[in-house]
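Structures for review follow.
Two complexes, one shared chain (chain A), two partners (chain B, chain C).
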Partner chain A sequence: MADTSLSAPGPKLSPGLRASLPVLFLLIAGFLAPLLTVAAYAFATPKSFDVFRSFTLENLSAIFDPNNTVWTSFVWSLALAFACVAILLVICYPIAFGLNKVFGKWSGFVSVLFVFPLFVSENVRLYGWVLFFIKNGVLDGALKWFGFSGGPELLYTPGITLFGMIYVYLPFMLFPMTLGIAMIPRDLVDAASDLGAGRLMIWREIELPLAMPGILIGALLTFVLAAGAVAEAKILGGQSVITITQDIEVAFTYAQNWPMGSALALILVLIVSGLALSAMARLDLDKILGKR
Partner chain B sequence: MQTVGRTRTHFLIRAWTAFVVLAIYLPIACGALAGLSKGRYFAFPVKILSGEWWGKTWDSLEIQVLVQNSVLIALIVTVLSVLFAFFGALAFARYPWKGRRAFQRLLLLPIFFPQPVLGLALLLWFNALGISPTWKTAVVAHLVWIVPVVTLVIAIQVFSFDPVLEEAASDLGASRLFTLRTVTLPILWPGIWSGALFAFLLSWGNFPLSLYTAGADSTIPKWLYSKMVAGYTPMVPALGTMSTLTAAALLLGGGLIRFLIRRRAELRAREG
Partner chain C sequence: MSSVAASPVSDSPASLKTPRPVLQLVDVRKVFDGFAAVDGISLDIEEGEFVTIVGPSGSGKTTLLRMLAGLESPSDGYITLRGELINDVPSNRRPTCLVFQSLALFPHMTVGDNIEFPLRVRKMAPEERRKRALELMAKVRLPEDYYSKNVMLCSGGEKQRVALARAFAYDPDVLFFDEPLSALDYKLKKLLEKELKDLHRESGKTFVYITHSLEEAMVMSDRIGVMRAGKVVQIGTPEQIYSTPADRFVAEFFGEVNIVPIRRAEGGWVRKDGKPVAVAPGVSVDGDEASVVIRPEYMRFVTDGAGAENTLSGSIFNEYSLGSRLQYQVRSRTGRTFLVEVPRAAAWKGDGEVTIGWDAVNAIVVGG
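Now for the complex of A and B:
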C-alpha cells in the first residue's frame, strides 16, 4: 500500500522531504500553531476571548506599566535560571569528565542512574525533598535523634527553589556536556602533555574549547527549561518566589485573563527563543572553526 | 608524580559522582519511606513500618482509573511516536535533502521549550479549535514533546546505518517495502526499541503537559500534584513509589530485551 502511494504520479518529492512530512505536520499543528494562537491572544481585548477578532496593545502596555510588579517575576525567573546554569556547570563537569575518561565499562551503568529520574515525574521527586526538609522530616528528625535541636528551616525559601531547579535539570546539563567532552581526541591531549603543557593549560587551551559545543547546548537547554520552571517554586519554594510561568498560569486559570497570560507568555517565548537562536548561531560558527 | 595526581583526581571524581547519585535518589527513598510508614502524618525516624497505605492505594477505585488513564495515554503515545519518529529519523539522518538542516533545528525547538508554557499554549489552541480538553488532547500534547525526543534516539541508530545496504537490496530487485522489512527495520530495531521505551516512560512520568491539556481526566502525576497542594495522604508517597518502581521495572525489562535482541542478531550473523 505504501508502495503505490510512493510511486503515485504528481510532483515528485525528495525522499527526505517525504519522510519528514509526518513530523512536520505534527510540529506545525501541535507546536507552531499553538504559539501563533498565543501571539494572537496577546493582542486581544483584555479579559475577553475575542481572539483573531480584536487588536489592541493594552495587554503589553499593562505589563510595561511602571506600577505593575510583574517584572519582578521575570527577574526572579531569569536570575534563578542563570544561577541554576552556573551551578550546574560546576556540578556536572567532573561527572561528565568521569563518564568519558574515568568510569570505563561502568559509564553505561552510571549514565542509566542519571537517566532514570527523568522517567519519574518531577513533582514526585520534589515532594521527596519536602519530606526530607520538612519539620519532623528526615533531616530534622535525624538531627533531633542525634541530640541536636533540629534541622534548619530551609523549606519555602528562594534558596530551596533554586536547589529544586538544580536537582530537576541536572540531566539536561550532564548529557550534552558528556557528548561535548567525548569530542576531545585523546591523542591531542597526550601530544600537548608530551610537549610539556601543564594540566591547567591543557584544560583551558584544548579540552574546554573542543567540548564547548556540548557545554553550550547543555547550558542553553538548562537555562530555557529553568526560565519556564514552576513546580519547584510551588512545591519546594512555597510560593516565596513567584516565577513568570506561575503568573502566566494564574492569568490563564483563576484570573480568566487569557490575553494577559498570552502577552506574558509571548514575552517569555521571545526572550527564550532569542537566546536559543543566538546561541545556536554561535554554535555553528564554533563547529565550522572546529572542523578545519 | 603525575600519576599520583591523576589517581587522586580520579578518586575525587568518583567520590563526587557517588555523592551526586546518592543525592538524586535520596528524595525517592524518602518518598518510599513515607509511603511505608504507619499513621496519617509522616515523622522521622519512622516508628512502625506497615503496608497499610500501599494496600489502601492498591484497592482505591479512584486510583485504578488514574492508572488506566496513564497506561492508555502512554501506550497510544508510544505507538504513534514511534511511527512518526521512524520517518522523522530517516529525514533527520538518512537522506541528504535540501531542508534537512532547517528540519533538524525545527525538531529541536519543542525540546528547547518550557513544558508548562507549551501545555498552556496547546490549551489555548485546542480552545480556539473548539476542542474541549480530555485525555485525547493530552496524547497530542505528549506527542509534540516526545516525538522529537524519540526521533533523536532513532536518528542516532540511523547515523550508524550504511545506506549502501538499502541500495544493494533494491539493485538486486527487492521492492521498497521488502527492503524496508528485511534490511532497514532489522538494522534499526535497537534504536526503535529504545525510542519506544523512552516514549512510554516519558509519557508515564509527564506532569506539566498533562496538567494543562488533560481537562477533567487525571493521570497519576496530575493526581499526585493535586493531593500535594491540598489534602495530603500517605497514599501520595505510596502511589509515587509504585509509579517509580513500575518505571524502573520497565527500564530494566526493556534493557534486557534490547540486550537479547542484539545477542540474537549477533549469533545469527555468526551463523550466516
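Now for the complex of A and C:
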C-alpha cells in the first residue's frame, strides 16, 4: 500500500488495475471517504466535532428513544417516496408508450418539453408553483376574476408536497421507462399478435416484462431521489410535513449537532439502500433480459 | 364485404375443376408514402402447396408476406382465405402464422413457454399444453430436456426449431416464412431445408416461403414466384423458371448466365456487331431488341474438332475451380465477360486466346 513508486521492485499491478486507478481513486476520495466520515460522525460525542476520536451510541439511542418523534419524519419521507413512485409509474407509462409508438415525429419535441424544466433551478420552479397556488395567486386570482369564489386551499398541505415531488421527479421516471419500452422489439409484438394474442395479453406477457429493466431503473431512481427530497416539503408544503432530510439539514446547521445529523443520515442510507437492494434482488434483471 | 370476396373465386367455371385455392390475391397493392412496395399482385395458392417467392431485397416480398399474415393491410385489391375476404382481419384473428426472419422468440421465456404461447392464448389446460409442446418438440427434433431451457441459450439451429414448433402449436392453415434460414451456416441451412420440406409433406399444410436465395427456393418449392419492384414477373415450377425464364431479370436472378444482346434483322437475329445469331426455332419475342441467355455449362471452347453454331473469340483472364468443374472468365473483343464452365477433364490446355461458342438449342431468347 505504501509502495507507490512504479520503479520499485515488488508485486506488479495488473494492467487492468492500473487502468482503473484514476476511477478507483475518485471513488475512494469522492464517495467512500465522505460516507465513512458520516458513519464515523454518527458514533461521535453528541454536539461535538470529535470525529474518529470518540465512540458512543448516544446519537442512535437518542433517535430510538420512544419520546423522540423523529420517526414520523422517516415515515413521511418513505410514504411520500412510495406514493410518488407509484403515481409516477401510472402517469409515465402512457407517456413513455406514446413517445415510442404514437407521437411519431413529434416525440422529439414532446421529450424536449419534459426535459426543458430541468434547465431551471428546482427551487425557482417550486416558487413558481407557490405563486400559482397562493391566495390571490394565478389560480385563485383568475378564478375570482371569472366570478368564482376563488381557488381551493391547496398550498402548505402534504398533498401539495406530493404534487411537487411528482412534478420534479417525473423526467427521472419517464426517460428510463421510455428507453425500457424502446427495448421491446417490434417483431415480438407482431409475433405475439400473429400467434393469436390480444392487446392485453401482449402487454402483460411481452411488453411489460421486456420493458421492466427500464421501468425498474426509473422506479429506483425516483424512489432514492424522493426519499431524500426536502425542497418540496419546505417550499410547497410549508413544513406541514417534516421530511427526514429536513431534520438532517437542521441538525447540521441550526443545531450544530453533526453527530446527530450523521446518525440520521446513516439510518436513512441503510433503509433506502436496503429497500433498493431487496427490490433489485427480487427482480432478476439478467433473467428479464434473457441473458440467463 | 364477403360477397365481394366470393366473386373472384366462384365466377369462373374452371375453379370448379381445379382445387379451390386456399389463398387468393387479386391485384393486391401496398403503397407507402407514394411508393408502391407491392404493385398489383394476383396469385392463387393451392391447398397444401409449397410456394416460394424469391426476389432481391427491396422487391416487396416481405411486405407481401406481412399483408398475408395480417401485419399490414393492403392499400388496394383483395386477399381471400378459403373464399373469405381477409384484407382487414387482424393478424390475431387469422388462421395463419408467420415465422419471422428474426424468429421473434420471446427472450424472457423458456423453450416450453415459447411453444405454449399460442396454446395459452387459447386457454388450454397446463397439462395438455405441456403434452402438446413436447409432441411438437419431438416433431422438430428438439431434445425433451430443452423444455425448461431459456430460449436465448439455444443455438441458431435450435432457435429455428423452437420458432417452427411455436408456429405449429398455433395450428395454422397456412404458414408463412420470412427468410428464416438466412442467418445460418451453409451445412445447417441445407439440413433444415430438407427438414422443412419433410415437415411440409407430413403436415399437409400450405407453406408460403420467401427468400432471396435461388438454391433454397429450388430445393423446397412446388412453385416459385419471382418478384421484382413490387410485381411477380414469373411464377411456375422450379424447372419452368430455370429452363424458360420469362425475361433477362429472371434468367440472371437464377444463377450466373451469359447475356448476348441481339436485335432483329432481315431474315433473323444479329448481334450488336452485325454477325448473325442462330436461335432455336419458335422463339417469339415482342420488339426488335432481345437477349440471348446462355448458362455457363452450355458454353464451350471451340476447337478444330468441335465447332458450335455460334462463336466468338476472346481471351481467358481468370480460372476458378468449382470442385469437379472448372469455370473460366473469358473477355471478348468487345470487352464483355463470358463464363465458360467445363468438367475438370475438359480443362483448357491451350494458350489464353480462345474461341468459345454455344448451340442455339441451349440458349434462351428473352425480351429486353
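Everything that follows uses one rule, which is that the second predicted complex is superposed on the first by the 255 of 292 C-alpha atoms of A that agree within 3 Å, B and C clash if a C-alpha of one lies under 4 Å from a C-alpha of the other, contacts with A are read in each partner's own complex, and residues count from 1 in each chain.
The rule is simple: contacts are C-beta pairs under 8 Å (C-beta built on N, C-alpha and C of every residue); 3 or more make two chains touch, one makes a residue touch a chain.
Being a predicted model, the structure only gives us computed values, none of them experimental.
Look at chain A after the overlay: chain B and chain C fit there side by side.
Considering which of chain B and chain C touches more of chain A, the answer is B.
Of the two partner chains, chain C is the only one touched by A:D187; chain B is not. In the superposed pair of complexes, A:T37 makes contact with chain B only, with no contact to chain C. Rounded to the nearest 10, the angle at the Cα centre of chain A between the centres of chain B and chain C is 80 degrees. Of the two partner chains, chain B is the only one touched by A:G16; chain C is not. Contacts of A:L26 after superposition on the shared chain: chain B is touched, whereas chain C is not. Once the two complexes are laid over each other on the shared chain, residue contacts for A:V224 go to chain B alone; chain C is not touched. Of all C-alpha pairs spanning chain B and chain C in the superposed arrangement, the closest lie 7 Å apart.
Once the two complexes are overlaid on chain A, none of the chain A residues touched by chain B in the first is touched by chain C in the second.
Contact residues on chain A toward chain C in their complex (touch as defined above): 185, 187-188, 190-198, 201, 205-206, 209-210, 287-292.
For chain A in complex with chain B, the touching residues are 2-3, 6, 14-17, 19-24, 26-27, 30-31, 33-35, 37-38, 41, 49, 51-52, 91, 94-95, 97-98, 102-103, 110, 112-114, 116-132, 134, 136-138, 140-142, 145, 167, 170, 199, 220-221, 224-225, 227-231, 234-235, 245, 248-249, 252, 258, 261-262, 265, 268-269, 272-273, 276, 280.
Listed in rising order, the residues of chain C touching chain A in the complex are 69-71, 90-94, 96-98, 100, 102, 104, 106-108, 117-118, 121-122, 150-153, 166, 170.
Looking at the complex, you find that chain B touches chain A at residues 5, 10, 12-14, 16-17, 20-21, 23-31, 33-34, 42-45, 83-85, 87-88, 90-92, 94-100, 103, 105-107, 109-118, 120-125, 127-128, 140-141, 143-144, 147-148, 151, 175-177, 201-202, 204-208, 220-221, 224-225, 228-229, 236-237, 240, 243-244, 247-248, 251, 255.
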